[in-house]
Each structure stands twice: as C-alpha cells, then as structure tokens.
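The first chain written gets the first letter, and so on, giving A, B and C; residue counts start at 1 in each chain.
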C-alpha cells in the first residue's frame, strides 16, 4: 500500500486530533491516548510512504530533536541563540570521526565503535561544549548573545576546514551507515531502519524533555526568562539555570547532529551551514516557542516548506507557474511571512487553542465563535509575549506593560488572562 | 470646552471605562479622583487619542475628536503630561522642550514660550544642556509640564503630577499649576491620587470607581462629602 | 627542548610576517581596512537605525542592498545616458534603497508591528529568502559573478605617501565618511532628526508630542535602506555582483554593530572601522600555517566575543536598564 505524504499526515493527525477531542475520560487520558495513536501512525509511515518522503520524515525527526534543544534554550529560557547549528555540526563530526573508515583519529584505538555509543558520546561532547559556551554567555543577553552565538556558528566550519587533519577538511568524512540489526534485516529496509532509529531516539528524548520541562526545572527556566530579578528573589540560582539550559540544549543538538551524521553517511563543513543555523530559530518561532510540539511542527515546516510550498502554490491560479519554478525561494519566503502574519505565536499556539475545545462544547460555542475568536486572539496577544530582548513595541498602546498589567487594573470585574498558551502541547 | 458622553473603552478583553461622562469648562481646573485602576489614566488616554473608545463621544470645542489620531489632537490644542512623565531621558532638557513644540511653525512664538516656561521653572533654564534623565524627580515633573506647555495648549491633561515626589516638591508643583491656570486661564484636567491637594486647586471633581463615574460635584462639596472623606481624604 | 612544541617551532609553524618588516604593506593594510570598514560601518548603521527604534534585527538588510545593487547593474547595462554613469549610479543606489526600505516597512513590517520581536525577526528572514530568490530569478542568469562599474578604477593605485591604495578604495572611504557626516547632521541639527531620536527613545511620548510615529518608523527603514544601497554599490566593484555577495558584509556589519553597541550610532561607525582594520591585520600578521587569511573571520569574531565579555553591550552602547 502506497500513500502520498499529505493524505497520510492528514489521516494520522486527523485521527489523533479526534482522539484528543473525544468527550471521554480525563484530560490526561485523552492526551496520552492521542499521542499513542500518533506514534502508531508514525510507525506505520515506512510501510506506506515512498523513500523520498520517508527520508523527509526521518529528517523531521532529527531536526525536531535539534529544534527541541534550541527551544529549551530560547523558548523556555529566553536566551536567543543563532549558533545552535554549531552543536549539531559538532555531534555529526563526533560520529563521523568515531566511525570513519579511514581511521583518521588514531588517538583512540582503531576498533570500530558501536554506532549507538557514538550517539551518546556526541551528546556528551556537545553538552560539554554547551557548558564552555554557556558560562561566558551569562554576561550577554538579547541580540548581543544572538550575534555572539552566531559568531561561534560562523567560525566552526572555517576552523574545521583549516585543520583538515582530523576532520577531512572541505571534503569531510565518509563512513558506512549502520546496518539494521540482524533480527530486523528481513522485515525492513535500510531507510526504514534509519527512520525507526531516529523516531526511537526522538521519542525517548521527548519523554525526557517533557519530564524535565513540566517539573520544577521547567518552571525555573521560564521564571528566569520572564524576570531574572524575580526568579532570583524566589531563590532560583539564575546563573545555574541559564548554564544548564545551554548544556541541555547543546546535548539535544549533539544527539540530533549524531543522527544527522548517521543517516547521511557523510559529514562535511556544509552539513549544517550558517543559514540553516539561523533557520533553526525561524523553525521554533514558526512552530511555537516554549512548546515541545512546536519544535516538531517547526521541523516539519523547515523540511516541507522548501520541498512543497512552491508546488502547492503553483497549483493556485494566482501566479504564473514561471515565478514558481524559477524562484521557489520567493514562495518559501512569502509563505514564512504569511504564516507569521496569521500565526504570530506559532502553529502550536493555534493548535493548543483548538485542543481546548471539546466536541460537545463546540456546538454550543459555534454561535459565539466570532466574538470568541477575536477575544482569544486578543488575550493571546496579552499573555503570550515572549520577547527576550523587548523594551516594548513602538508606542502602539497595545503592549501589556503600557496597557493592562503594568497599570494594575486588577480589580476590574473581568477575566484576567491566566492560562499561558505557550505551555501547550507537552 | 471638553465633553465626554457615555464613553466605553477597553484594553483587549479588559474593560477600562464604562459609560463615562464628564465635562470640563473653559478656564477651570477639573480633577479626576479614584483608586489605582479606576480608569483615570484611561480617560486621559481616550482624550489624547492613545486609546480608541468602543462607544461614546468625545467632543472638544464642539468637535468630535474620538476618532482622531494623537497628533491631530495635539494640533487642536490638547497637551498631555503623561503618568510617569515619559521624558526623552537621553535628550537634553532643551531638546525635550523643543519637542513639545514639534507641531508649531512660529519660531518667534516658540522662543517666547521657552522664556515663559523658564519663567515658571527657573531651574530648567539652568539645566538646559543636561540630559533629562539626569534631573531629579521634581525637576523631571517640571520638565514634563514645561514640555506640554510648549505646545501652547488650551487644555492641559495632567496625569498624577505628584507621583513619586516628596510632599514639599508636590506642593510647589501644584502651586505652579494653580498659577498657570489663574494667570493664563489655561484649562486643566487633573488626574490625581492625592485628593486633598487636587481638590484644593480644582473647581470641580469626578470620582471614578472601576471604570464608572460614581460621584461628581463641585470641589468644595466633594471635600465635605462623607464618602469622599472616608475613601480619599482619609479623615 | 624536546617534544612536539619544539618540533612545531622548528618547522616554522608559528612564523608570521612582522609589521615593521614592510611599513608600506602595513600602511596599505590599515587604509584598506578603513575602506572596507567604512562599508561595514554603513551597513552597521543601517542595522542600528532599525534596532534602536524597534528592537528588531533586520536580517534582510544584506539582501535589500544586494537587490538594489543588481537593479543598478541593470541600469548600467541599459546604457541610458546620464543615469548609467557610475557616479549617478551611486546616488540612484541610495534613492532605490530609500524607496525599498520604505516599501518593506509599510508592506511587510507594519502588519506584524506589536507582535513578539522574534516573530518580526523571522519575518525579516522570510524577506531575506524572498529577495534573494527573486534576485536570482531576475538577474542571476548566465555567468556569475557580474562585474559592477566603479566611477574610479579598482586596479589603478594612488600613492598616498605611505601606501599604494587603489583609487576605488579611496572613493569607498570618502563616500562612506561623507554619508556618515550627512547622517550625523540630519540627526543632530534638524527637527526631523530630533523627532527620529525622540521616537527611538520613547515612542509613547513622541506620539503625545504630535509626532507621527508610524512615519518616523518608515523613515528609519528608508534611511537604513539608503545606507544599505550606497554600501552595496560601493563594495560591489570589489566583491563583484552575486546574489550572496552582501551576506559576508552583513556578518561583518553585525559584528561591527554589536561591537559598538546596538543602540549607539557613533558605536556603529567605530565598530565598523575597528572590524575592518582588525580583519586585515589579523589575516596578515598571524602565523599563516595555523591561522592566517583563511582564519581572519573567526579571529575577528573571537576578538568581538572577547570584547563583548568585557563590555556586554558593546563599546559605546548604554547599559541596559533592567526594569523590574
């Protein structure tokens, strides 16, 4: 059975959404059930998608992991980094050096490493690098931090090229991708094996991340993001939390890089370039800041927009297909702009609002839908204001500081926005 | 001169003003009293065009102004001294005053008004070249008032001029506001937490509570009003 | 002395040219650095102009400049009398940038005004992609890179006493400095400039003064587009024209803007010149075997990061006031 990727995704997400909204059981049960359904569909994917789409799905899993790492740092902790790609690249190189057939790195003994061990080593090395970068970064914030991390990202490939003895220079390192374990050999292809490997690692890391972020540490991360002074006053060790955010984020990046290396079989300085590293930031903003689900959605956007946006737009009668075929990037850029225009708080924010609805309540709410929509959008724009380096917007009179929160109009008999939609999808 | 008729306004889902009506007569000082969040500042924001009312009418000298942009309203002769002063803190005192006259084109008149402001606030003349942010709180408030006067307004909106100031400085500033009103006949709408001082120089007052006008009367009557005494005067 | 270190020393790995061996070369490196530094300073100024009034880092800055430079290239090729003169092209590049900046602000940025900053930054990334792709589509057919005309010569050098400098580099320096002086005059001695500074500092109060804040923001983007356009036309004869030719300039300009302090106009100028000169010196006077010209970008960036660690808001940037 073969399926196109869009019907497949529509089917799997549709069923997942239905399970999520069904009026049975507790909220928690519904969430767990829907995630299990989604996982089942994702396990079905290799058997219905063609190899190109399957490879795209594999990349989404890898990229989702990388974006989750960046989201922990930027979305949850408010430290904007443009250099996350450096950790990913580092993870990829770790795997390549350890698995390289030419055994260039004779420092370690030449017997081949098991591939799963290289993933762990890559994560740990990246985490160590995260520590090295995270500590000095304590002194920087906002765009200064962003540009400093970008400097790291710019320098890394150049350094790798210059010192080619270990890294293979511009050509990079090649190695054979790990074969499927014997008991799976007859069941699935090499591509499917790569996909399942990445999916497995993603699921494990998401569970770890979810466990970490929903608890005290997650609250500390966000408290530091919202106000370092207030967080310190509550007894949070701000410096420790910020460095830890860097370390954990780098760990995720390193593991993602390791997978990226494993699925490609070759690693060179262009495996992750500057533009991609900057795109990671675009990915989490499009997907949704401070949201695990948003990270994965962002990864899907980064993979599917370049491959499909132009094709979809070409079918619309509004543009001559000439533009679409010869300037696909223009369509991609326009799609990014339009998505941000329609969903300034990312896709996850919109989905989270949808998840709030219960099927049995939708009918009742339908009549007041327009008012509800405008009110909820307004409310979102009050509460959901992650602006790590914000003073406030240009005198619009719409920013919460000028408008409501700062004016302390707490005694008004209206509902104060309490729930933070950013925390959705965990 | 200024009339608000059943004005309702909101920040997003949060309603700040509910059918507020009030009137300011030319040449008088009118005060708005109320606790934090009662809607005093929102009223001023509606008048100066920073907040668009959902319904109701704002009329200034017989003209509707509730759909005008802030710069149009400044042009009509309404200047606001915002809460927290909102100076351009890295610009000099002189530049701040010049910005007050941003919309004016008459150089001679601007120079004249500069003299007038320095007359009321001699300290500002001494500090012309200093960054506004380096002034003391009282001086900053004087600069904020001076800046508003530079627009040569006919109606001055004052938002909590006493905020964060020592009692002595506050009294000095109120004395000058009173003097400007007496000597030039400048109409003043004064928002103030310090009800006693405000009622001293005002002719008329409105009391706001959770976005509604709950009481309005002459200042003398308000001062004697049992409710006002208990809630806002504290005796 | 034994061991790997002495072996490296004997192999001459750490050998580097010394500035005093060839004073003319040193002089040339400094002046050439000042010339490219002027371009970095212009682009850094463009970034700072937008950042200090809106807190947005405009990633599309380089592509706006690239787009304008390609448009100038088309005019040059068309051979229209007067306009295709390289001097006129410099002026036209500025005017084109002015218009492009204003259009971008009105059409792309205005609709997301007041949204979270990162959302707006991502919009500028989308714009980057869009402009780059459209430019590739329109202009990048056939041979790349394209050559761009200079009013003077890129090859012919002038002896300025202590160094031989290509004519065009002197032009870059001169036009760059003149542009900065004009900008300084605009900001410090005109009412419009005062209004722009006021808007950047306190938009709310600016509105109360009757300043049309929206227009000031548009003007800020327009001015920033002008600076980008001029810098593109200035550097294009050196780098030659290519859809990605401004990207490296943008990265250096980021470094310059951050080095000087993102909200400081003089800081951007100082930062630009420092980065330009440092880049040349670090490339020339470090041991070529282990560092050298290929490593000049990482070295300049490491210098930047080191300075930032000492002064976290740049050399001339004001300390961020942390509001509680």
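Everything below uses one rule, namely that contacts are C-beta pairs under 8 Å (C-beta built on N, C-alpha and C of every residue); 3 or more make two chains touch, one makes a residue touch a chain.
Small disclaimer: the values here were computed from a predicted structure and weren't measured.
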| item | value |
| --- | --- |
| Chain pair, most C-beta pairs within the contact cut-off | A-C |
| Maximum centroid distance from subunit C, chain identifier (CA atoms) | B |
| Distance from the mean Cα position of subunit C to that of subunit A, given in whole angstrom | 31 |
| Gap in Å, rounded to a whole number, between the CA centres of subunit C and subunit B | 45 |
| Subunit A-subunit B separation of Cα centroids, rounded to whole Å | 49 |
| Set of subunit A residues in contact with two or more other chains | 381, 397 |
| Contacts with two or more other chains, residues of subunit C listed in rising order | 202, 204, 206-207 |
| Where subunit B touches two or more other chains, by residue | 50 |
| Residues of subunit A touching subunit C in the complex | 74, 80, 136, 139-144, 146-148, 150-152, 154-155, 158-159, 161-162, 227-230, 274, 278-279, 281-282, 285-286, 289, 323, 326-337, 340-341, 344-345, 381, 384-391, 393-399, 402 |
| Complex contacts: residues of subunit C adjacent to subunit B | 191, 194-195, 197-198, 201-202, 204-212, 318 |
| Footprint of subunit C on subunit B - complex, ascending | 48, 50, 69-71, 74-75, 79-80, 82, 86-91, 95, 98-100, 102-103, 147, 151 |
| Subunit C - residues contacting subunit A, complex | 51, 53-55, 57, 59, 108, 111-123, 125-134, 136-137, 199, 202-204, 206-207, 213, 217, 251, 254-255, 257-258, 262, 294-295, 297-298, 301-302, 304-305, 308-309, 312-314, 320, 322, 324 |
